[in-house]
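In what comes next, chain A is part of two complexes: it sits with chain B in the first one and with chain C in the second one.
Our next item is the complex of A and B:
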């Protein structure tokens, strides 16, 4: 190809990319840079000025409350991620592979999405009358004679946050996995059976590896949403469980912009590491 | 086992999907160490039959016997019957080597690593794929995928391999090469191949025996030349795609059709009265010709198809029926003809096959 036409092609691709690049710079890169910048500003009780300092960073990492929130975030994320996988995978296996009729599979997936017809906050708050001291679960267990006094730990504890988050986010695990499972050629599974492999072997050697891209996409969805959570933990823990998200909300609420920015940068880095880690497991480009 | 012992036997196999009867009381016995072609039009139940034998589906009634054992209730992975899928069904995330090794690694019998390597290498060599062991299935061609699918079944040393239209996904050139190769591989390994196909040329070329399947029933089973030369019903003649079939009426040993009345020496029992003449036994004459070998059928010349070794001439009769004439070029150059002009088609009545409700003499 001659040089001028290569140049023309280059300028064409630049023109096509330009709107997207400008948009991303204005609304993604610039704000993130701004947050990083603000995290180094000097914070006084009621004001903030752009004199650069490491104080906020030092405060964050020397405070048990903030570092504790970071660890709580990581711990809850791992627990919720594991639970959504353990609950979501069998459900996806049923919808995507075991249900033979495409119509039934679609109906089941739509059923999974029905909770989303109500607002996020209502879905979270609906857990309170379920889990509370006088809530549905305690009443049922007492009526059944399984317990004498109500289980206190059900609501306003880490457990209630885990239950709430798992219920809300499990569908984001089911969807991508069911999609990948649905794409598996049934003949491949029959070929494996014909070669003498039992169900367990077929699952671990054929079905699971082929569904792995779905697991990774689902895990990224769940991780991104859980790591940034603040509403579920706020509403279901009675403010006892503080995640990085809750720190940011509180700091912004008291106009502590520098500290909020530090927490924001830490959260962004954590998210980046998690997503990059998941993308190393499978080459998603090959699957699309 | 000698060749005449049956490798598998079907005993009144019936399978229906709702109101649709896919397999209708099939009784069938297959000789050991042979190549059996199963010919049928689409929808005749040939894939259903294969899936029932492989164990992917259960028959509604009837028994399946394999090497003298009743395997009807045995799950597919315990049957030891190989299956080659039409779309090959290779494991997309495994290399060619691991695809072929899959059954040895995950099958019911424990096989040592050294034996796996040796058996897989031997099979890769046999199907001519040496050097491609570490490729993934999306990095090889259709013909190579076909070989991998075959090697993957054969490495398990089955006594019976079911092939579901194995050549359907290949181009014509490759198809012919694979035909010869499939036969050669089978002869070397002392196994029975049951090859399902919708192509009559493939069935006749490949099978030691050909079974013709129609509407869930095996309507004829025999060697390719038995099937070709003497189809036992007008349906078989139709599937062979080598016969001009004329409807008419058979009465007292005389068949009346669009070509007049012909006296018939022998009749095969059939549900309808049909007069069949092979394409290559039909001859073309000018309208004035007096000395015809048999009945005279006026027809208009439509077109010709050059096939290399022969030419197919297409004619249309007065009642808008297409009649084909196959002229083999080893019998000399074909006559010059004008499209749209009328000619007379004739044949030796001795060479015609007549099917009828009435069994004459």
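Our next item is the complex of A and C:
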């Protein structure tokens, strides 16, 4: 190929990329840099000025409420991540591997996705009549004679936040795992079976390792969403559970931009560590 | 042997799993038919009625429960979702088109774009509101700051969908067109675009639905005028009534209508592609 035409092609793909790249730099990279920068600004009661200081950082780490929010975020993330994995994996195993017909598998996956066409916030709110004192679960349990008085801790507690988040995010775990399981060559499993391996052995030696990239992708999806949450905890805990996201919302609400930024930077670092950690387990580029 | 027991057990499990996914949804549907205006958002159903649906459209006598402030919010959300859909899809198609040729820094650009869907909304929203509020000093609005935040979020989805489509794309038809002296722009319009149209439709569907339901970014980046999710969020702090559930049922039906339109357009474009292939065979 002649030199001028290569150059033209180069400038061609540059022109195609430039708008998107500029958009992301201006409206994604710059805002995140801004959060880091503003976290060192000086906060007065209602205003903020760009004199650099460590005050907000000191306030964050000396306050039990803020450090507590950090620990609550980590604890809830670990619990929800574990639950989405434990609840999601068997479902993915069935959809991705055990169902022989592709049509049935697709129908099941579509069934899992349909609830997402209801507004996220309304899906969260729908847990209230489900979990409340006079909620569906308490009524069912009482009718079945399993409990005498309604269970109070179901709603407006950490438990209700965990239940709500698990239900909303579990599908993001099922999808990637089912996808990886679907790509496993069935002949390998047949061969192992012919050689006399039991299901447990086949699962731990073949199926699970091959599905691991799916688990990692699902875990990254769930982690990113749970760590940045604030709506579910706000709606289902009655303000009892405060995550880093809730801190950011309340601080911005009272115009405490510097403190909100500190919480934002802490959240960003936490996310970075978590995602980098998952990517160390599996080299995604090689697997996919 | 063991998998013979395993399969039915897991089938039952998947049934329960789907029930878990749909549980709140079913409850929401039932409670939306609660009697009004006294009936609250809980069981038991005092009497079945469509009161709360009529309440949404202002077809009931005024009561102490204010109607949901959704009229203007709905129009804003639809407009915003449409603007986002067009911008994100155009950016996504362009970027994916550029990725068909190898270039230096491709993986950096790839991660930069994908970052938009991975960074939590609360951070994008906070950053954009800091930038507009404290640095540039402009007002935040749903059609300006919230719009750019929505595109940051949906552009990666459109890009990934287009990338997947273009990866399976047979470039020889384009080369044929070029070698016949057709300009690259006409080739894109007449040859490439019709072939990638199903992907473009999917990218549009993604961008529209994600933007329509987007909440955390909008909460920070939009100003006084609320979009639909913000109007719903406004009801969180106060007492909730079954009208919000009736509204949830209606928006879900709207989403299905949107999905049906997508399905029809998709079927039409597949059929047209088949017909064109047949004509070629005859010729």
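Rule of thumb we're sticking to: the second predicted complex is superposed on the first by the 264 of 288 C-alpha atoms of A that agree within 3 Å, B and C clash if a C-alpha of one lies under 4 Å from a C-alpha of the other, contacts with A are read in each partner's own complex, and residues count from 1 in each chain.
The rule is simple: a contact is a pair of C-beta atoms (placed from the backbone, for glycine too) under 8 Å apart; a residue touches a chain by one contact, two chains touch by 3 or more.
Fair warning: this is a prediction, and the values are worked out from it, not measured in the lab.
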Side-by-side fit of chain B and chain C on chain A, or clash: fit
Partner chain in contact with A:61 - chain B first, chain C second, else both or neither: neither
Partner chain in contact with A:209 - chain B first, chain C second, else both or neither: first
First, second, both or neither for A:198, with chain B first and chain C second: both
First, second, both or neither for A:188, with chain B first and chain C second: first
Partner chain in contact with A:260 - chain B first, chain C second, else both or neither: second
First, second, both or neither for A:115, with chain B first and chain C second: second
Residue contacts on chain A - larger count, chain B or chain C: C
Where chain B and chain C come nearest after superposition, their Cα distance in Å: 6
Chain B and chain C contact sites that coincide on chain A, given as residue numbers: 198
Residues of chain C defined as touching chain A within the complex: 1-3, 6-7, 10-11, 13-14, 17-18, 20-25, 27-28, 31, 41-44, 91-92, 94-95, 97-98, 101, 103, 109, 112-113, 115-116, 118-124, 126-131, 133-135, 148-149, 151-152, 155, 159, 184, 209, 213, 215-216, 219-220, 228-229, 232-233, 236, 240, 244-245, 247-248, 251-252, 255-256, 259
Residues of chain A defined as touching chain B within the complex: 185, 187-188, 190-198, 201-202, 205-206, 209-210
Touching residues on chain A, where the partner in the complex is chain C: 9-10, 12-14, 16-17, 19-21, 23-35, 38, 48, 87, 90-91, 93-95, 98, 108, 111-112, 115, 117-123, 125-130, 132, 134-136, 139, 167, 170-171, 198-200, 220, 224-225, 227-228, 230-231, 234-235, 245, 248-249, 252, 257, 260-261, 264, 267-268, 271, 275
In the complex, chain B residues that touch chain A: 54-56, 75-78, 80-83, 85, 87, 89-93, 102-103, 106-109, 149, 152-153, 156
